[in-house]
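The next part holds the structures, each set out as structure tokens.
In the two complexes that follow, chain A is the common piece, with chain B as its partner first and chain C second.
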Partner chain A sequence: MNGLGIFKGLLITLKHFFDTYLADFLHRQKNLPLEDKRGMVDSSGLFTVQYPEEVIESPEEFRVVPFLVYEAGENGERNYRCTSCGICSKVCPTQCIYITRKKDPETGKPIPSPEAFYIDTDKCMNCGFCAEFCPFDAIKMNHDFEMSTYVRGETHIFNKEKLGKPVEYYAKIRPVNYALEEAEKAAKAEKTTAA
Partner chain B sequence: MSEQTAIQPLYAKLMEKFPESVVMDERPGFGGIVVQSLNLVEVAQELRDNLGYDYLSSVTAADDFPEERLEVIYHLFKSVGGAPALLKVFLGRTEPVVPSLTPLYPGAELQEREVWDLYGIRFANHPDLRRILLWEGFDGFPLRKDWKEPLYEEDVKPYKSRWPEGKGERKELLNPYKDNVQYPREFDPSTWTGDVDQAMYKSLEISDDGNSRALKTDQLVVNLGPQHPSTHGAFRMAVVLEGETIVNLKPVVGYLHRNHEKIGERNTWLQNMPYTDRLDYLAPMSNNFGYAITVEKLMGITPPERAEYIRVMMAELTRIASHTMVTGFLLNDLGAYFTPALYALEERELILDIFEEVAGSRMMVNYFRFGGVARDVSPEVLKKIRHLVYNRLPRKIDELDKYIAQNEIVKVRCEGVGVLSADDAIAFSTTGPNLRASGVPYDVRRADPYSIYESLDFDVCTRDHGDVFDRYRVRIDEIRQSIRILKQVLERIPEGPIMAGKPQYLAKVPAGEAYGRVEGPRGELGFYVVSDGKPNPKRYHVRAPSFINLTSLAQMCKGAKVADAVTILGAVDIVLGEVDR
Partner chain C sequence: MAENDLNKPEIDMPAELRQQIAVTTLDRIYNWSRSNSLWPMMFGLACCAIEMICTAASRYDLSRFGMEVMRPSPRQADVMIVSGTVTKKMVPQIVRLYNQMSEPKYVIAMGACASGGGPFKEGYNVVPGVDKFIPVDVYVAGCPPTPQALLHGLITLQKKIEGEHIPNTRWYKKGEVEAIPVPILGPDLFDPRNSELINSETHKPLPVVETIVEGGETA
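Let's look at the complex of A and B:
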């Protein structure tokens, strides 16, 4: 019969409408966590969440603009893991990482620490190569994607202070990777002490 | 190289017929048959009519700077499958002219325009040789090695100004409006009044005499786009109408052009990987796949088995995501705004969630590496994929198909619209679901198997009518086949390493050339790369399926109603990131 297809189509939407309330009701009854409410393989009804009131947690590997890992010293000073070897800057596809190597003011010899470290976040394409190839685990990809600002230009070039994050923050957003790296480091340290 | 030996019998045959005008490319690492430009058309005719090479896959060029030589490179295939016939024509760098192959292979039309646009190689007898990606007033031919962009820094990355004395300043900020636009020397933008579109309108051949027709009407040009909800991006169709009927059509592209290939030649080999995500952004995993296998061909490495399985798994997931989305948006183009599209997007969302967990990003995945993949797939994610593949996708696809294929409006609007015959589809170098909907069982996964596809059990889906409805049905069939592949992959995926050798940020690629292709959701995605042993590719070309599928758009639209043009375009399924590159 002509016109039946339209009704069938409209019925899908109607079903979705009622399914949403049904799913919400069941969800409350079973006391399930918020993350399982919408957009899962088994969920029915509305598929999306009410951002920004509800936020879906990002998976561990999720990546946005990188940050520099530092360990806080006794007096609150930042001991960056970075040795300014320049691998991240060389591997960066958009060439958005700028590093100035620190030099000994007397001898002029390079010191393994960055004098300055900039990332042009407008150019950064969040590919994650810098974090992947950093031999010192000094640069890692962030999870914080809410980065919009009112002004473009200079403010989007992040300097060392703005890029720095404590190692605890890294352990919090990437627990699995952090644990793996720490275990690897411990094994290496054991080997050197044994030798 | 195996391809070089495969071409020997063909060379012998051509040698018999054209002893003076063909010669093998003897450079180490290179292959193919070098043809004299004068005899190119005859050689191509022989290849097409007598030797079965009826499918011209890719036309491109390369610059041998500082040598005074340009190359035009043709990849021809048989539509029944097999190794390519690789033809090359060597030309001088000043005023190069080569005969056009468009009369023989209509599929060369847009590609030859692209070569003219980017290399300045003129194609004699081309029906409509204009710039395609750049505008008419553009200065120079950007893919030539001696052409430099505004704000040029260095020939190749990594740039020296970044380390160890990186200053964190943008060149364009220091000098914002002066150096970042480049004009021809005699050109003054403030006094310029020319119309860039004149040549395009002229090429549409509008006839003013209405005397031969029953209704004495003038023909009318209507521009659909560049900003139009049906065009999936900034894309424009200039349509000549007679009443409501389309008489002629020209696609106008290049609004998002960024010269992907020039960027690719400045990059190191690995740095290109994230850039390929941005070609066909609805199917990033296939783009990664194509680039990875092409460079692996040159490097002579094969990834470990687990990596191969992961790759195929990701490529098939990306195919499902892309096809469901296109199906939804086809309904959008029919006027059922966004409700069906959003239901179709649900499946895609779930797949993108998996990509996010595995690769770290939903669309810009950057997941493949030379010799493997970036990181392993955890057992939890495998469980998720299994759950999706076994419990949700088959059910949802059947549901989607049931509601769409039985809807009378969809049927009336799609059946018999935008018909492309099998012969035309091959001649226009159409690929992917568009080609198979015309009844040609050509799928790169079967015609030229790569990775582990040879050991997998799946069918090449074809339909016979070649209309919009069949294109839709081929896509649904392919989703079902992809689910079938995924089930096999999930069953067989072995444990083991995911990278051959150590991950390296500077890939060592020996000198030579390679053409690799994969079956992406939109068709044959080819990469042609040339290495000179340095850290950067010497030539990096993308054979973009969307771009080449556009060649046949005019043929499909002729005789259709103007409202159908939108539907036909939706069924061709272009992604502007790949068309404009």
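Let's look at the complex of A and C:
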């Protein structure tokens, strides 16, 4: 019969409409693991992410531009974990990291801390090699992707202040990695005290 | 359009009139309608294009912003998303397409390659940033930017359009806007005789933008 096809199509649309509510009901609990969240797997109905209002949760290993981990001091100063060994800048495939080591102004001896640390985000390809190779867990990959700008140039070259993020931030965005690293550190410290 | 968007915030209105009367400016209405009907041009250059396709698909759904129609013709497009590595062989075509777009026209440099050459910055065949050739409005960082990052870039562009003032905008002024000279395919690309015009077009003074984008830098 002619015209039946259009009703079939409309029924499919209607089914998706009701499936959306059903899926919302089934995934109503909060604190679900990411892979069981609504719209991630086997979800029926509409699964559009309403981006500016609802941001999709990034998986732990999601990486954008690196950041430098620092421990906040008592007076709010930033004690960067970085020792300016320069492994990250050597291993960087695009050579977008620039570091200089701090020097004692009196004696002229080098201090294991970065004087300047720049990352050119126009070159960075978010590979994560720097974070992978850093022996001090000082550089990690960020999750923040909202970095659109109207101008290029200086705003796209991140300096030490812009790259710095507290340890708490790192623990928040990568809890599993952070726990593993802390456990490893604790085991190492125990070994040295026992020996 | 929400009431708060339509009303000009500087104008003080009695509370009982707020739902009935809106006092606004032509700029505001005009920019609002313009920014919510941006049609991107459909072309992709590299891996960023895959993310752009994903942005247009149902998961992220560009049509929520009135951008669902990816036009395959530059004559019908408002915004050019330069998604990917711009090679020296491709840049003449990109500039030609930009010249063919009808005004008002905007350019988004998507990803590290389009913004500044990316990993191929010192390469023999890649242009170090498309902004050396055409004026770029919004740079989206990432390699490649996720669909959500591209959406953030498009929202940033919308905010820029909403901050525009009709008499100040280049395309509503009298006189013709000169086309950007198309680069000649070759190792140098620039025709030195045109360098003055190219520089005046690509290194324009920064526009005054009212809205401050969270997380992004404003001009």
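Going forward, the second predicted complex is superposed on the first by the 155 of 195 C-alpha atoms of A that agree within 3 Å, B and C clash if a C-alpha of one lies under 4 Å from a C-alpha of the other, contacts with A are read in each partner's own complex, and residues count from 1 in each chain.
In the analysis below, a contact is a pair of C-beta atoms (placed from the backbone, for glycine too) under 8 Å apart; a residue touches a chain by one contact, two chains touch by 3 or more.
Since we're looking at a predicted model, the values are computed, not measured.
Asks: So, A:F133: does it touch chain B (first), chain C (second), both, or neither?
Replies: Once the two structures are laid over each other on A, A:F133 reaches chain B alone.
Asks: So, A:Y98: does it touch chain B (first), chain C (second), both, or neither?
Replies: A:Y98 sits against chain B, while chain C stays out of touch.
Asks: Name the contact category of A:A186: first (chain B only), second (chain C only), both, or neither.
Replies: neither
Asks: With both complexes overlaid on chain A, does A:V65 touch chain B (first), chain C (second), both or neither?
Replies: It touches chain C, and chain B stays clear.
Asks: Could you tell me if A:L14 is touching chain B, chain C, both of them or neither one (first, second, both, neither)?
Replies: Touch partners of A:L14: none, neither chain B nor chain C.
Asks: Quick one: is A:S84 in contact with chain B, with chain C, with both, or with neither? Answer first, second, both or neither.
Replies: first
Asks: Is it chain B or chain C that touches the larger share of residues in chain A?
Replies: Result: the larger residue contact count on chain A belongs to B.
Asks: Just to be sure I read the superposition right, which of the two partners does A:T121 touch: chain B = first, chain C = second, or both, or neither?
Replies: second
Asks: Contact-wise, after the overlay, does A:Q50 reach chain B, chain C, both or neither (first, second, both, neither)?
Replies: Only chain C is touched by A:Q50; chain B is not.
Asks: Residues of chain A that sit at the chain B interface in one complex and at the chain C interface in the other, please.
Replies: Chain A residues touching both partners: 39, 47, 93, 120, 125-126.
Asks: If we count contacts the way the header does, which residues on chain C are in touch with chain A in the complex?
Replies: Checking each residue of chain C against chain A gives 58-61, 64, 109, 112, 115-119, 121, 129, 131, 136-143, 145-146, 148-149, 151-153, 155-156, 160, 206-207, 209, 213-219.
Asks: Considering the complex alone, what residue numbers of chain A touch chain B?
Replies: Touching chain B from chain A are residues 2-6, 8-9, 12-13, 16, 39, 41-42, 47, 58-63, 84, 86-87, 89-93, 95, 97-101, 110, 116, 118, 120, 125-129, 132-133, 141, 153-154, 157, 159.
Asks: Provide the residue numbers of chain B that touch chain A in the complex, in ascending order.
Replies: For this pair, the touching residues of chain B are 157-159, 161-170, 173, 267-268, 270-275, 336, 339-340, 342-343, 346, 349-350, 353, 356-361, 364, 366, 374-375, 384, 387-388, 391-392, 403, 406-410, 503, 505.
Asks: Which chain A residues qualify as touching chain C in the complex?
Replies: 39, 46-52, 55-56, 64-65, 93-94, 120-126, 144-152, 155-156
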